[in-house]
Amino acid sequence: MLPVLSLIVLIPLLFSAFAFLTKKREQARVVALMGTLITLILTLYMYFSFDSSSAAMQFEELASWIPSLGINYHLGVDGVSMPLILLNAIVIPLLILFTWDDVRSTPNRFYGLILAMQGAVIGVFVSLDFFLFYVFWELTLIPLFFMVNIWGGPNKRHASIKFFIYTHVASLVMLLGIFGLYFAAWDQTGVANMGIAHLMSQFPMIGSGIARDAIFLALLFGFLVKLPIVPFHSWLPDAYAEAPTAGSVLFILLKIAGYGIFRVILPMLPATGTPDMMITILGLLGSVSIVYGAFLALSQKDLKRMVAYSSVSHMGFVALGAAGLVALSISGAMFQQFSHGLIMSIMFMSVGVIQASTGTRIINDLGGLATKMPKLAVIMMLAFMASLGLPGLTGFIAEFMVFTFSYVNVPTFVILALFGVVITAGYHLWAMQRTMFGVYNGKIGEVLDLSNVQTFSMAVIALLVLYFGLNPSPVLDMMITGSNEIVSLMAAMGV
Amino acid sequence: MVDLMLLAPEIIVALTGLIVLTIGIFMGSSSKNVLGYIATAGCLAALAMVIGNFNASALMFSDTLSVDPLSQFFKLVFLVVALIVSIASIKYTEDNTDTEIFYALVLFATFGMMFVASANDLMVLFVAFELASIATYALAGFEKKNPRSVEASMKYLLMGALSAALLLMGISFVYGATGTTSIPGIAQNMDVLASNAIGLLAIVLLIAGFGFKIALVPFHMWAPDTYQGSPSVVSALLAAGSKKMAFVAAFKVFIVALLAIQADWRMAFAILAVITMTYGNLVALSQRSVKRMLAYSSIAQAGYISMAFVVLTPMALTGGILYTLSHGFMKAGAFIATAVVVYMVIKEKRDTEIPDHLDNFKGLGKKMPITALCLTVFVLALAGIPPTAGYMSKFILFSSTIQSGMVWLAIIAILNSALSLYYYARLVRYMYAMPHEGEKVSEPVPYVAALLISLVGVMAIGLWPEPFVEIAMQAASVLVGGI
Amino acid sequence: MIPLNWYLALSAIIFSIGLYGFISQKNGIRILMCVELMLNAANINLVAFSSYNDDMSGQVFALFSIALAAAEAAIGFAIMMSIYRMRDAINLDELNLLRW
Amino acid sequence: MFDIPANIFPWVKAIVGLALIGALFGAGMAAIWIERKLAGDIQERYGPNRVGPMGLLQLVADAIKLFTKEDIIPARVDKILYIGAPIVIMMSVFLMLVAIPFGAVYINGVEYVLAATQMDISILYIEAVSAIAVIGIFVLGYGQNNKYAMMGTFRNFARMIGYEIPLGITIVSVAVMAGSLDVVEIVHAQSPIWYAFLQPIGFIVFFIAMMADMGRLPFDQNEAEEELQAGVFTEYSGMRFGLGFFAEYFHLILGSFLISLLFLGGWNLPGFVTDNIVLGIILPTLFLIAKATIVMMFIIMMRWAVPRFRIDQVVDLSWKKLLPLSLLNLGWAIALGLYLGA
Amino acid sequence: MSDSNIVYSYIPVAVFLVVSLLMPPMTMLIVKLLSPRSKGAEKYSTYESGSVPTGPARIQFSVEYYLYAIAFVLFDIEVLFLYPWAMIYRGNTGVDTTVAVVEMLVFIFVLLFGYAFLWKKGALKWMKN
């Protein structure tokens, strides 16, 4: 059988190298598009031959890598990772199309980094070995750092370094947790093995509750900072806002932290020394993020920062859904990740277009863009509606599932989070009102609407938002299977 | 009769040195470039001999030399570094009248290092140690007309001489107490030393002596000056080769010979390791000279490697030993990349007050793409970003620390790694995010070849570490025989 | 027979003088001389121990260390000569192109 | 026999040996006289001939003059070095004297060596203490704070370091063949054939190097009256000059003895066996002294036969000719030693 | 020969040392008793062929001297290793003669290498152009 997982990781990396070697923008973007299209085709092939009713790992690949330390080259996908791979594979070619006509310095590096990023992120999703997982996890840092640092806004230096240090420290703490788990398992079984499944199955056998808590918290910290969630979110607005549009979209597609929570944190949670406290932490931080993120978004003058903070708010749903601990709430959280990836891509692309054509993204300086940029206005409105949770769009399904099913286990936090929904609606509508409608601000001058490629790429994503909003089952089925597996793992772990 | 085949690498290196010297003095200065190729060929041949006899094990010359996996591993390290340096120096010594001296010294220094690796007797160890040191003193001052180079050399020499004196004093006490200079012999007679204040005195002196060469804080003060002032290719040899020689010597002396009094030196190494890595990283933050920054980073890395002495488990030693190999590739590569920049600065006739100033790295990504890319990989590897050699080594070393329960040490080390990222990232930012001045510069082939070899090494250890971990484990098993 | 401790005391004194000089002197050549003192203190130790342990290797070691000390001094003076020719000084205080 | 404690013996030997110092002074005086007389003969003029028979008492007159001259210590000199330097040079000579054997006597088949002390590494010891004189001369020149002296010192220095190496290597060659570092053993080993015949190259190298070591013309660049006034002795006068001057002559005498001992068979008289103690002592010793005197006279005559070398010629001679020759000789000696020793 | 005998064989050396240290001062004492004295400033000035001394005498000398000094230190030390070897190479202390000779030949060979190098490099040339 085709080693399709290795291929979807290696092909972007390989094309990344090609892209670096090209000289001209025209060559670089063609190479990038080819690489991502091949990846997309492979992913679609994988998606259609994926058995969404099976909880087992599919397309598994296993090869010995460093036997003396029990490290294997172990890949596989299941319902938890498949939708996220799909998301990446779909959006990134569109992103490349979106930037098709952009003129910027060193385009070969630009496209090379995008491809490297895609390879690394997919690598995280398909890794079933902690070592490999961590390698890809760290690898995602580098393209993003350069994205912000080279093509970012005026504060790029500060933002990139802040991002780098925050997330790197978090990863190192996570690494400590992985070490702890690895050696505890080694001691217990006498066999070195870095496999994620193996280590998690050994987790409950660790004698001391405090040790389990320490390992758990170290891992949790790593994921929460990367997610990010209040109070570890402060790198995000800077990095998102300073990044170029493509960089912001890449940040949005970086769903590895949420994935880590589903894959690692949730199954381990019941086996910690104090599971209740852990649930509280997760739920509380989630709902606080929803509300606090919304408040912060409300107070922003800069459109891009506002979108960034709304992202913090959205990520709160992931944590809250995870804290719900039932299969459907977890599925909701997963769907929120998927939906957020689509919606926010459009949002950042729109902001990018606005900034490029008007030269500003301060909300107060804009107004009445709908009259001059009708195509943009339509697509952007759809995204805003989806983001605030209008029924019929993906955002609604995700938030609805999280609220409804989390209520069973963490009612207090759900009620707290509900306040956030009101504010979310408020700032979305306000921002839309101020930018799109009303009187056209003459100071801006003449602006151009979306180009054809931009329209195409944004419209495809918008249509996907609509499609999955009306018919979520193509991805939701997988997610529910995956969530059921997580829940059954949790049941097996319970001490 | 001894099997001279096992000594073939050393003999080849020494003979190549003599041949280079002889050919060089009877040759016009125009055709001296060929010497670099001869030296490179010698290193390659020796490397082939080492790899061919990798699993050999023997005692030679009245048990004063021991060929075992440990010595073979470190010979590999030294020869690889010598190879990289030789190749890079083909360009560096171009049009130089003293080419033969340069290559002969590099080869003799390597020869000394290789003998340290296989020494089984303190006498051989000390003599070889000094042979390598003396050759590197001269190399550091190779640019006789450059006041910085000479100053670097002098500081290095004075500190090196002091370290030799301390070392000899320490060895004399060990010898006095145990009545032998043979390393296994000392290990057998250690009970004498354990019950004696002389043991403590010897340990203090030996730690100080090796500490100078390893550049452990507070014995590090020569290192930044020397690495900065020396020609870059020599800095590569010093950081990647000479420092590793001190490590292998210290491994032999402390872990094999003085194991019985480990209680006395483990704590000392723990404190020194923590101070060293923290100090190195903190001071590196504020450096504007890249070579100086690399020097401080080198100090910090020495702190990491020293953790192997503290943890003292087979896995920690494997990690430490693997780290020496990785660091050899990373640091040699990084210094050679600075050599390319210095070459560029001289070529463009810029102000050469501090040719390796950070400002000269601006926009390097466009001016010299290969160098910039390689340097990026090297510094990211030094920071421990996967999938590079630096990550792999840190992974094993730090994880072994946690395994043995010294979580505090691991946390300090990991925080240090995170801190170090700041200044490495800054260098990368300068290269890629800053506008460049002047035209694109074509990179000299020898430099590029050396950089690519280092790059391949760094990536090979990072991507397929199994064979390297395997040989490092074998090397460590030689040391931990007594544990 | 002279007791071993006398030799050790002598060597300790010489060693300390050397170390003190190394720290306190500024002139490069003096510092080098101080290092020679320290090396010779170690040689005294080696030879004394060799005689009292009835084992020749200490004396051989001393011979080697003398040779090495000479080589080191030779290199040292060569370096100092080139410094002196360039800077007219071998005072460490005045060598400040590279910060200490 | 009465019982003597064993540890008294060296003291006795030492005190007896002190008599040697007196003898050395006598020999020194003789050497000076011989030199002046020979100089006169070679240059077809009279040497000292007024004071006493054949001018013998001239020496006494000179000594009286030296003792009664004013002791001047110039203002700019470094006093400690100025006063100390002649002592160091003297010390070197006396310490050499301790270990040089002047003969041997057999009593009841046991050999007693006529030397103040006997060591098994005597040749190494002699070489070592003779090197102290170099330091003495350096101190001498440096302490005067005078430019001529300084230049003389540096020349001396360049010359001495050049000749020390061939000297050392030839001594090793001799030691290799004899298999011992003891001068007495070396003399015994020359019993049938002198090393001068077995190692002619070594002999020549050693002879030249020894002459340079003694600072005899053509190797007296450190004094070189015509260029440097009195070179290293510029600021010295009176008895202080006399001390250094005497030390040079002592060095000449001891050097001649060394040449005779190492290469010319020492006191060996092949086939000479006697039970008569007096004859046993006197005859070999006289034989040695005769050889040494001939060597010394030869060296003295060289002074008037060869002009002084330039310093670069001196240095070239040692580094480019004597050093390779001495190594060649060492190889020859090793081979010969293996052949003879087998 | 035991240690104590070595010490005894150096007793005469000590005696001679004391004598040599005492003799020159005693001679000077005699001179002091016998010689006349007369003061005069000129008498104590440094001799420089009659002209007034200028500048310090301890100036830096040409670099050749130092080069030879460095070469000397190295070669003289090599001789150091010949002495012990000379005593044992013929196997009277259980040394394998062939090995000993071969080792020393290698040593001298390397030494000659350094020598040839110095010569060729012009380090043994007094006048450097």
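As written, the chain order gives the labels A, B, C, D and E, with residue 1 at the start of each chain.
One rule holds for everything that comes next: a contact is a pair of C-beta atoms (placed from the backbone, for glycine too) under 8 Å apart; a residue touches a chain by one contact, two chains touch by 3 or more.
By chain, with names taken from UniProt: A = F420H2 dehydrogenase subunit M; B = F420H2 dehydrogenase subunit N; C = F420H2 dehydrogenase subunit K; D = F(420)H(2) dehydrogenase subunit H; E = F420H2 dehydrogenase subunit A.
Source: prediction; values computed, not measured.
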Each chain counted as touching chain B and chain D at once: E
Farthest chain relative to chain D (centres taken as mean CA coordinates): A
Contact-richer chain pair [B-C vs B-E]: B-C
Chain closest to the middle [Cα centroid of all protein chains]: B
Centre-to-centre distance between chain C and chain B (centres being mean Cα positions), rounded to whole Å: 25
Distance between the centres, which are taken as Cα means, of chain E and chain B, whole angstrom: 39
Rounded Å distance between chain A and chain B, as computed from the means of their C-alpha atoms: 42
Whole-Å separation of chain centres (CA-atom averages), chain D against chain E: 15
Residue list for chain D, restricted to those that touch at least two other chains: none
Residues of chain B touching at least two other chains: none
Residue list for chain C, restricted to those that touch at least two other chains: 60, 71, 78
Chain-chain contacts as defined at top: A-B, B-C, B-E, C-E, D-E
Residues of chain C that touch chain E when the two form their complex: 1-2, 51, 60, 63, 66-67, 70-71, 73-74, 77-78, 81, 84-85
Footprint of chain C on chain E - complex, ascending: 3-4, 7, 60, 63, 66, 69-70, 73-74, 76-78, 80-81, 84
In the complex with chain B, residue positions of chain E that touch it: 110, 113, 116-117, 120-121
Residues on chain B engaged by chain A in the complex (per definition of touch): 365-366, 373, 380, 385-387, 391, 395-396, 398-399, 402-403, 407, 410-411, 414-415, 417-418, 421-422, 425-426, 428-429, 432-433, 464-466, 469-470, 473
Residue ranges of chain D touching chain E (in the complex, touch as defined): 6-7, 9-11, 13-15, 17-18, 21, 66-76, 86-87, 90-91, 93-95, 97-99, 116-120, 124, 142, 144-151, 154, 157-158, 161-162, 164-165, 168-169, 172, 175-176, 179-181, 229, 234-235, 238-240, 243, 311-312, 315-316, 319-320, 323-324, 327, 330-331, 334, 337-338, 341
